[in-house]
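In what comes next, chain A is part of two complexes: it sits with chain B in the first one and with chain C in the second one.
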Partner chain A sequence: MQPAPIERLVAAFSRLPGVGPRTAQRLTYHVLSRPDEDARALATALIEVKELIGECRICFNLAEGERCVICEDPRRDPTLLCVVETPADVLPVERTHEYRGRYHVLGGALSPVDGVGPRDLRLEELYRRVLEGDPDDPARGSGPLVDDGTTSSGGPTVTEVVVATNPTTSGEATALHIGAELRERSPQVRVSRLASGLPVGADLEHADEVTLGRAFAGRRTI
Partner chain B sequence: MAAVDRGAATRPGGHGLHLGRLRVRDVRTYVEADVELGPGLTVVAGPNGAGKTNLLEAAYLACTGRSFRQASDADLVRRGAEAGNASATVVTRSGPSVFSVGVDPQAPRGRRLRVDGTPVETLLDHPSRPRMSVFLPDRMVLVKGGPALRRAHLDQLLAVLRPSSSPVRRAFHEALRQRNALLGSLKARGVGVERAGQELQPWDATLAAAAAGLTTARRETAEAIRPAVNVRAAQLGLAGELEISYRPRASEDPEEVVAALAERHAGDLERGFTHHGPHRDDLAVRRDGRLITRFGSQGEQRLSLLALLLGEADVMEEATGSRPVLLLDDVMSELDADRRARLVGLIRERGQALVTVTEAGHVPGAGDEGVGLVDVVPGSAVVARVAAGAPADAPPADEDAA
Partner chain C sequence: MLRSMRYGEADRIIHAISPEHGRVGGVARGARRPKSKLGGRLEPLAVVRLELIRGRSDLHTVVGADTVAVHHRILTSHAALTHAQRACHVVDRTAAPDEPAERVHGLLRTLLALLDARPDAAHEGLQLAFRLKLLYALGVPPALGACVRCGRTEHLVAFDAAAGGVVCASCQAGAPGVDADALRFMVQALGAPLSEAPSIDDRPARQVARAFEGVAAHHLGVDLRPRDD
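For the complex of A and B:
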């Protein structure tokens, strides 16, 4: 039996993803063996991250303050929206340096099994952004980026929505749902889906039929 | 039944060719059993209740980590013992490998699986693991019973013959689960057909894409085994044409499946589940146009199942380079002398088989050279080292025990 404060920290650590009871124990002893200021710094960081980080009012990405750094950045193309499931999905897209538009974080994907329907995702907000442009857009002051691109709220109109939900059953259904809704609500907007196919450096022989089938369907001229 | 167990994916080399030594400790009725199996036919003989099926089950357990009777850990461990173990030396092209499965009902982490002493998560995708084809009399339902078992059987075969189709099967079942959950929720909320249709639309499309792919894969698999099964049926003395055909309900064109699903929205909503798609398909076994399922005699059904297993073994051997080990429990009963001779002849042609019988004499040629014999004595609960298909004084290979 260990003193209660130790038990409490072990229990708290073991609630973290990927941390089992042994690792929790080890982390706890590690914290005990370090100087006081290390523990204080960790505690402060934990509290601060919860107090200071919230959702971006526009795209629902993680943000310090009202808007995230991407929505704040006037160099990001406001006519281009990339739809992702979670804030964690923004990072990998950013790392490609291929994408210069803005994001829209859904907060998940359709999954009736888990009781997640269209109203549980930030879908209405997405459709409004596409229809009306972003409110209080930093790009607004510099005028429309496309000739005919201004709307009543002043933000430049979205011209393309890239749906980058995961290539899972849930992600696919979510993409199809978004595609159908946008075709109806904003037929002028181009809706695209990230291509899926062969991983770079892989062998054709080892590709499964679904992947190879999609790679074929999405083949392009060279 | 015919459990085609899902073998490792088609990987060149290393496939299990046959089981060598089988060692059993505290499993079912056995205190201990130690059997040296030959590469061909081994006859497991003994009176009713002696534990013949248990020996087959132990072989299956050792190689798959599972029971072919869906037994729980408590069922598998001998009464009075705390834990049991089954291990098999698998002879592959690249040398022997020992598969071992420890069963302890008290263990929190389930069965302990090892290959050559190294713990593994699963034996199922180990490259050296032999595939096994099982015939059990109480599972004749595969031929007699409903379509669900035949679908499952076809899908297991699909997994062996076309491992690359696994994502399609997974995607289909996931999409079906999601769509059914949505139907249930729409029904509970009392949503009208038109609004429900909008919510169902993305799931219809997702389900249809996977359904069409699965239907194609199943049809091609059924077509692939049909000729071999037919040949085997004739060799077993089953007169007339034995026809295996996949009877899909859904189209192989995703757009047609979407349309068919949309047509049935009202009915699906009412019942709260999807009633169109490959989850309702059947694999029909017909002889001269008549369904064996309904019109076949006991003997015909038995021969049909054996023809199916043997034909599948042929196709698996051709596709993967290794023939599944046949575990045939009580297969000789209900067969006349001519059919017995034919069956044994086919089994002895190639590959390894373990056949249980009440009397060795029921297997024509049981005394021949190259045919192993394991006598299971009731009550003894011990099968001593038996050399089957090998000289009785063959040196034991103790170092290969896990």
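For the complex of A and C:
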């Protein structure tokens, strides 16, 4: 038996993913052993993150305010869109420092058997962005695309959509769906898919045959 | 492999159907890490040889997997992929754990091989034919030749899922109706190989689907109605 406030904190920690009762207990005792200001800082951070963080109204990434830092950044290439399943997927792509375009967060992947259909994801918003450009973007194009990659009003519009959904069955289904829709709605836009292959530093001898098979299928000329 | 779900930080929970052990579930530790040897092999639709350590619960621990067949071409067609996923879902829901399921396993492999060979051949008739054959494989075949209540072979107008087959007009009571097209489809689909599954229009397709869902609910205790119903 422990005092009720301790029980409540243990129960709260236990609800976090990957935290079992023992870890929850350890975290609670750790909080108790730290100075008051540490506990206050933790509580404030928790409240702030819930109060201040929402969805970017353009790309649906996490944002403090109406637009996320990436959509606010004028140096990001507005003609390039990377489609990811969740906000957590934006970070690893950013860490590559290879991509300088913008994002579109779908909010999941298509899974008909789990009841997740196209209407449950931000797909219509994606097709609208590709067709019309980003709302409130000073460089936004509008009207039909003309030959030089701009719209009839002169602003840049999306020229390539990189589909970076997970290489799982649901991720592939989502990528196929996006590819088919964009071919129909915006045939001038290039739709690409992240390559699948061997992790850097891994031995070929230990590679699984599915990944290796895909690496072969996606091999490139050097 | 029937299903794969995220679990914990980098693990996966998998469901599979085995000819010897029926439906099996397992935890694949670290399967979502890029360097995991298991991750790529445990995707739905693949045929694999699994190595499991039996756990105390229904979930065993996956310690190894060898690929037997990968249905790469299914992934090139949205329709084929959706049909394959639906078939896996139905098997996942209806097959029993710890019971041999050789016929169910064989039927699903046939469908996946067919969709892989001809992804453009995916159609609703194939899905429904698979489901009807699945009822056979699970030991609850629908009776289609005569009224399951009075034995009449004419004027069969409805499908009584609780009784397990078609009924005539005088025995219909509250059983939902089936058109001649739906009845003809069911007979043809059960009598032909999957590769020759007949096509079907929307209305009879809904009736056949309802009949299948009714049998699954009454005789297997599984609710397979679409979620948006």
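We take it that the second predicted complex is superposed on the first by the 204 of 222 C-alpha atoms of A that agree within 3 Å, B and C clash if a C-alpha of one lies under 4 Å from a C-alpha of the other, contacts with A are read in each partner's own complex, and residues count from 1 in each chain.
In this text, a contact is a pair of C-beta atoms (placed from the backbone, for glycine too) under 8 Å apart; a residue touches a chain by one contact, two chains touch by 3 or more.
These numbers come from a predicted model, not from an experiment.
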Chain A as common anchor, with chain B and chain C clashing or fitting: clash
Touching partner for A:118 - first (chain B), second (chain C), both, neither: first
Which superposed partner A:172 touches (first chain B, second chain C, both, neither): both
Touched partner set for A:210, first chain B, second chain C, both or neither: both
Which of chain B and chain C A:180 touches, first, second, both or neither: both
Chain B versus chain C as contact partner of A:18, first or second or both or neither: second
Chain B versus chain C as contact partner of A:199, first or second or both or neither: second
Colliding stretch - chain B into chain C, listed as 39-47, 93-101 or 165-173: 165-173
Doubly contacted chain A residues - partners chain C and chain B: 111-113, 115, 168-169, 172-173, 176-177, 180, 207-211, 213
Contacting residues of chain C [partner chain A, same complex]: 3-4, 8-9, 34-35, 37-41, 43-46, 67, 70, 72, 75-78, 81-82, 85-86, 88-89, 227-228
Chain C partner contacts - residues on chain A that touch it in the complex: 17-18, 111-113, 115, 168-169, 172-173, 176-177, 180, 199, 202, 206-211, 213, 217
Residue ranges of chain A touching chain B (in the complex, touch as defined): 110-113, 115, 117-118, 168-170, 172-177, 180, 207-213
Parts of chain B lying in touch with chain A, wherever the complex brings them together: 162, 164-168, 171, 174-175, 177-179, 181-182, 184-185, 198-199, 201-203, 205-206, 209-210, 213, 217
